[in-house]
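Both complexes below contain chain A, partnered by chain B and then by chain C.
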Partner chain A sequence: MNTLFRRIWKERSGYAFIAPLLGYIGMFIFLPVVYTIVLSFTRHEFLRPTKDALVGLVNYVEWFHDPAIWETFKNTLYFLAMYIPAHVLYGLILALLTNSIVNRRVATLYRSLLYIPVVLPLPIVAYAWKWMYDPTIGVFTHIIEDILGLSFPFKGWLIDKRLAMPSIAIMSVWQYSGWIMMLFLVGLNNIPNQLYEAARIDGSSAWKSFCRITLPLLKPTFFVIVIMRLAVLGITVQPLIMTEGGPGRATMTYGLHAYYLAFRWGNWRMGYASAWYVMLALFATVLGVMAWKFLREESVYD
Partner chain B sequence: MITASRLKKDIAKTVIHLLLIAAVFVAMFLLFWLISIAVRPVQETYRVAASLLPKKLTIVNFHQVLFELPQMAIYYRNSLIITFIAVGSIVIISALAGYAFARVQFPGRNLIFWAVIATIFFPYTISLPALYDILFRLHLTDSLIGLILPYTAIWLRLGTLIMRQVFLSVPKELDDAAIIDGCSRLGAFWRVLLPITSSGWVVVAIFAFVPMWGEFILAFTVTSTPKSMPISIGMKMLEPNPAFAEWTFPVAAAAALMIFIPSLLIFIVFQKWFTKGITAGALKF
Partner chain C sequence: MKKIVLALLVLLASAGLLFAAGQQGTAEKLELKGGTAAYLFQGMPLNDIAAAYNAAHPNVDVELIPFPEDWAAVTSKLQLEAARQTATYDFITAGAAFLDVATAGKLGIIDPIDTYLAKKVKDDMLPSIQGEMRMEGKMYAFPMVTDIVGFIYRPSYLQKGGYADPPATWDDLLTYCKKLDQVFAGQEIWPLGFDWYWRPWGGYIPILQSYTDEPFPDGRTDTSSAAARKTLELMKAYYPYMPPAAAGNLAASQAFQAGAVAMEVYWQPQMLRAIQAGQPEDDLRMVSTPKGTRGGTVFWSTGYMLTKYGKDKQACVDFFSEALRSRDFYKGAIANWKLLPFRSAYTMVKDDLLPFFPTLISRLESGEAIAIPNTGYMMAAELDVLREELTKLMDDEQTVQQTMDNMTKRIGEKIAAME
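And now, the complex of A and B:
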């Protein structure tokens, strides 16, 4: 014990170096997380002047019986089912295409231009897409009906129940596939070239090399993508800006519903909303652990 | 035979370039379109008169954003103050912490480091009600400082991860030598390590600035008056609304472009650092 204290004292400068970090993280990351868990066990309604009461599992029981759970789950899954495969596939294609260009300057130029949507501020992009989708001023309807002369079978993009969620997914694919491309490029660069040469000497086709070498060795990249995309489970900002959950509740995602519970509807039921967020975090953790098990095991990195 | 295979190769090359040019066009389309809207007079935005390219060019919309919408200047100033202070704090704090995590052997080092990094995977949105309640109790809602402090905390973690990686890649003999020569730890950090890790600092600053400039949900929740609203919230106020007498669509497009400018400038100037940051931040833990 004495030696531990001596070590702590000897290396005390280390604690001084991380003190500011711990101050910030403790106050604005750890404390809110702990407080979220506490809130989820209370009847905390922000706009109600009465004191909070600890209510045990009441919020969680209500969560399990809330019909909005399944509705918002379904909406979120619908979004994810379109968005995740599309932007991973598109990002992979972009990575492979730019990687096949021999001239490095040209390849870098392509990559930079393709990465631009990623660095643009999300809310402004969402507003701009909202205008592009607009049936009276928007460019998409304009192109389809006035320039191509086709008839557009929907009322509009974001105002049509069937098209609203796909429209948000299209925007998200547009904005983030450049980022996926970069992740894949890093992964592709980590694959030793000798493998492809050996395969070519053995007479394997380009497609075969892709399936047997590239895809398996990109597994760690897929893992990183899955882990970093888990946050999308709580997607809130895009529907908040573009549709406010509408038309009807067609784009009411889990995250947006929880947000509205806490900050828009009724007395701002922060306690109940916190239960929603805790369940979301649990769900994301389970998925993350599954990804770790299935994608991480054969990782070639340390 | 040789020419046939070369022809095939040339065709493949051309197809790849054509596909990439199409992809670039798609990626840039939003910018093209916003520019084409922002430089046309209001009348040309009505559907009947609309066209992909403007018929008449004008800068009146930019003029309006810059000089006739006083709240725009306030939003812009707020955003600049917030990002300047928060990014500055992040760079300094994450460099200090990254150094300690890479170099000083204090007990509990790895536990603390991974506890901090693990929180990156839980987006701050899930603790938003709690965070709002805390800020409210501290009387920090609807103030610039009420955004600066949480923003610093949120993007500090990635910065720490990157800086630790940067310091690990510096040979340890360098600062050992400085310490033997009579420098204190802080002195070794300041005189020897700072200059050679400067590109790491740039990466940290970029990766804090880009998401912070576009942060929406926390600012949307915490601010309620223009005096503390950043530009991302200001856009909401400028949204064109047919219900109002004046149709401000080209003005809104001009405003959107002006909000894009800092992000684009940073990206163009620091392009190669973006790849570095992605490599360090995403694949090395």
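And now, the complex of A and C:
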């Protein structure tokens, strides 16, 4: 302990510089996480506050027996199965396209435009897309039926059980692909040009260069994206605003169900909802460790 | 030099005296803070009436402070404050009594207003609305404006089907739907808009309570009686005549505002929104909802609640009683197509009433229009179950009987867990 204090004292100016950030992380990230964990061991119901409500593992036992777990996990994984590949692919395509623009100003303009959706507040984007998805007055149906003259085969984007979750996924892909594009651009710019030149000299085609050079060297970027996108396991805002978990429960994700447990249903069971969130965090941690173990590679630039 | 110092001293002394006088004046003024949902300021002259009240009562300074419509966050704040026996707001809005009075009452963060309410004000309040504001026998909110579900239609669309008048009964409505469906075949106009998915009080409840005197046995929505069966059968029968948007949140009402729907069951501001969306005012009518075995509909009121640890509750209620019953407030509310909870309103601003208001007001006065009980069951236990089971019914995944059984069972379990 003395050694630790001595080391901290020795580096005190450095710690002083990061103290504000540590304070922020402590107050707005660490403390809420700790409080959520503590709450998960209580029978805390917001609309019926009780003292001495520590109940040990009761919430976790209930969680294991809750049939809603499987349905909401299934819906969440369904969303992820569509969302992650689509927005990684779309982000990669955008990065390759903007990276191939010779004029730097034009390239910067396109990148800026494509990044704008990322900085828009998610609730506003969700509301806007909800309007665009409206089956009567929405622009998408209008384009398909009135401009292209096709027949729309579903009841509606957000009101047909088959299409509701894909519609949410499409909106999410649109919003965040700009960010993925930026990550891939960083990765692309880190690939030495000599490798492409050498491949060209050896007679390699563009597609072969892409498969043999670009993709392998982008693996660290893929890894970063997968780790960062694990946060999507808790998707709540989009289904909350666009469908409220409907039609039926087709878009009732794990995060939305937990949110309703805490703020809508019954007596607002925050203790039980906290257990839901803790279990989600554990699941995300396990996934992250597995991703770390299987996807991480040593730097190819060594 | 001495003169300068003397002048400065006199100046300082004067400033000090003035400051002390100002403080003295401020100390005597009672400052009341009213937390008000931000959307209520749109179109409603709340700031104006507060300013007028403050001008008329120099010892009181009422400030209406907007807060975002995030009731979970607001109640968290209020509950934390109540635990410390403090209150930022002396009074707060209840967006709809059955939603907010129930929640706030359960938390114990509001106080009844009965003891502060003058008899003449209580007598002026429509009895149905007095009942709406009650929980466990006490009034917990002072009503501001009222909304009621009615029947809106486009006379020109009905005339194309050969109808001069709106349907009198729910069964008649089905006949109208079938005829109009033939008339508008191939066009993007649907006979009926009915936001059955959005909220039960926009669909299920208006029909239900026209077939029973007891739509809320033990405070929960009836899902098991013959009236419930009839309601579900009618909703299922109407479904093919609704725009697909009806299965989404509020989307049928948007279709109506776009001129794509001939008839709609919804609240009275919907007419205003349709006009604002460009629909011709002279081709819009509103009447009471069709009848079942009885007339009736559902209504809800927005109002103010007293926070438990707020200042001077009598002064708050005095503000409500005067400012929310003033001619300026009445006129502003009516301009927003809101109904008013007080008898005096309909005398004071008789000339400003919209033509269709009397038929809706008569439902309020007669008691035919009913409020959802302040049990808290609607949002906490019923809303999502009703939507999910209705979706299955509409999608032919289950029969009417199965829908009734599932609704009854699931809602019963949720209420039991709450209790």
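Rule of thumb we're sticking to: the second predicted complex is superposed on the first by the 272 of 302 C-alpha atoms of A that agree within 3 Å, B and C clash if a C-alpha of one lies under 4 Å from a C-alpha of the other, contacts with A are read in each partner's own complex, and residues count from 1 in each chain.
As a working rule, a residue touches a chain if its C-beta (ideal position, glycine included) is under 8 Å from a C-beta of that chain, and two chains touch if they have at least 3 such contacts.
Everything numeric in this text was worked out from a predicted model, so none of it was measured.
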Clash or fit: what happens to chain B and chain C when chain A is overlaid?
clash
Between chain B and chain C, whom does A:T136 touch in the aligned arrangement: first, second, both, or neither?
both
Is A:I180 in contact with chain B, with chain C, with both, or with neither (first, second, both, neither)?
neither
Partner chain(s) touched by A:G156 [first = chain B, second = chain C, both, neither]
second
One more residue to check, A:M165. First (chain B), second (chain C), both or neither?
neither
According to the stated criteria, A:R48 is in contact with first (chain B), second (chain C), both, or neither; which is it?
second
Counting touched residues of chain A, say whether chain B or chain C comes out ahead.
B
For A:G288, select first, second, both or neither according to whether it touches chain B, chain C, the two together, or no partner.
first
Report for A:Y260: first if it touches chain B alone, second if chain C alone, otherwise both or neither.
second
A:G246 in the overlay: touching chain B, chain C, both, or neither? Say first, second, both or neither.
second
Shared chain A footprint, chain B vs chain C, residue numbers 46, 136-137, 263
In the complex, chain C touches chain A at residues 72, 75-76, 79, 103, 106-107, 188, 197, 243-245, 247-249, 251, 254-255, 258, 260, 376, 379-381, 384, 387-388, 391-392, 395, 414, 417-418
Under the touch definition given earlier, write down the residues of chain B that touch chain A in their complex.
16-17, 19-20, 23-24, 26-28, 30-31, 33-34, 37, 45-47, 50, 52, 92-94, 96-97, 99-101, 104-107, 109, 112, 116, 119, 121-134, 149-150, 152-154, 156-157, 160, 185-186, 210, 213-214, 216-217, 220-221, 232, 235-236, 239-240, 242, 249, 252-253, 256, 259-260, 263-264, 266-267, 271, 274-275, 278-279, 282-283
If we count contacts the way the header does, which residues on chain A are in touch with chain B in the complex?
4, 7-8, 11-15, 17-18, 20-22, 24-25, 27-33, 35-36, 38-39, 44, 46, 94, 97-98, 100-101, 108, 110, 112-117, 119-125, 127-129, 131-132, 136-137, 139, 142-143, 146-147, 174, 178-179, 182-183, 185-187, 220-221, 224, 227-228, 230-231, 234, 236-237, 240-241, 255, 259, 262-263, 270, 273-274, 277-278, 280-281, 284, 288, 301
Listed in rising order, chain A residues that touch chain C in their complex are 46-49, 130, 134-137, 155-156, 158-159, 161, 243-249, 260, 263-268
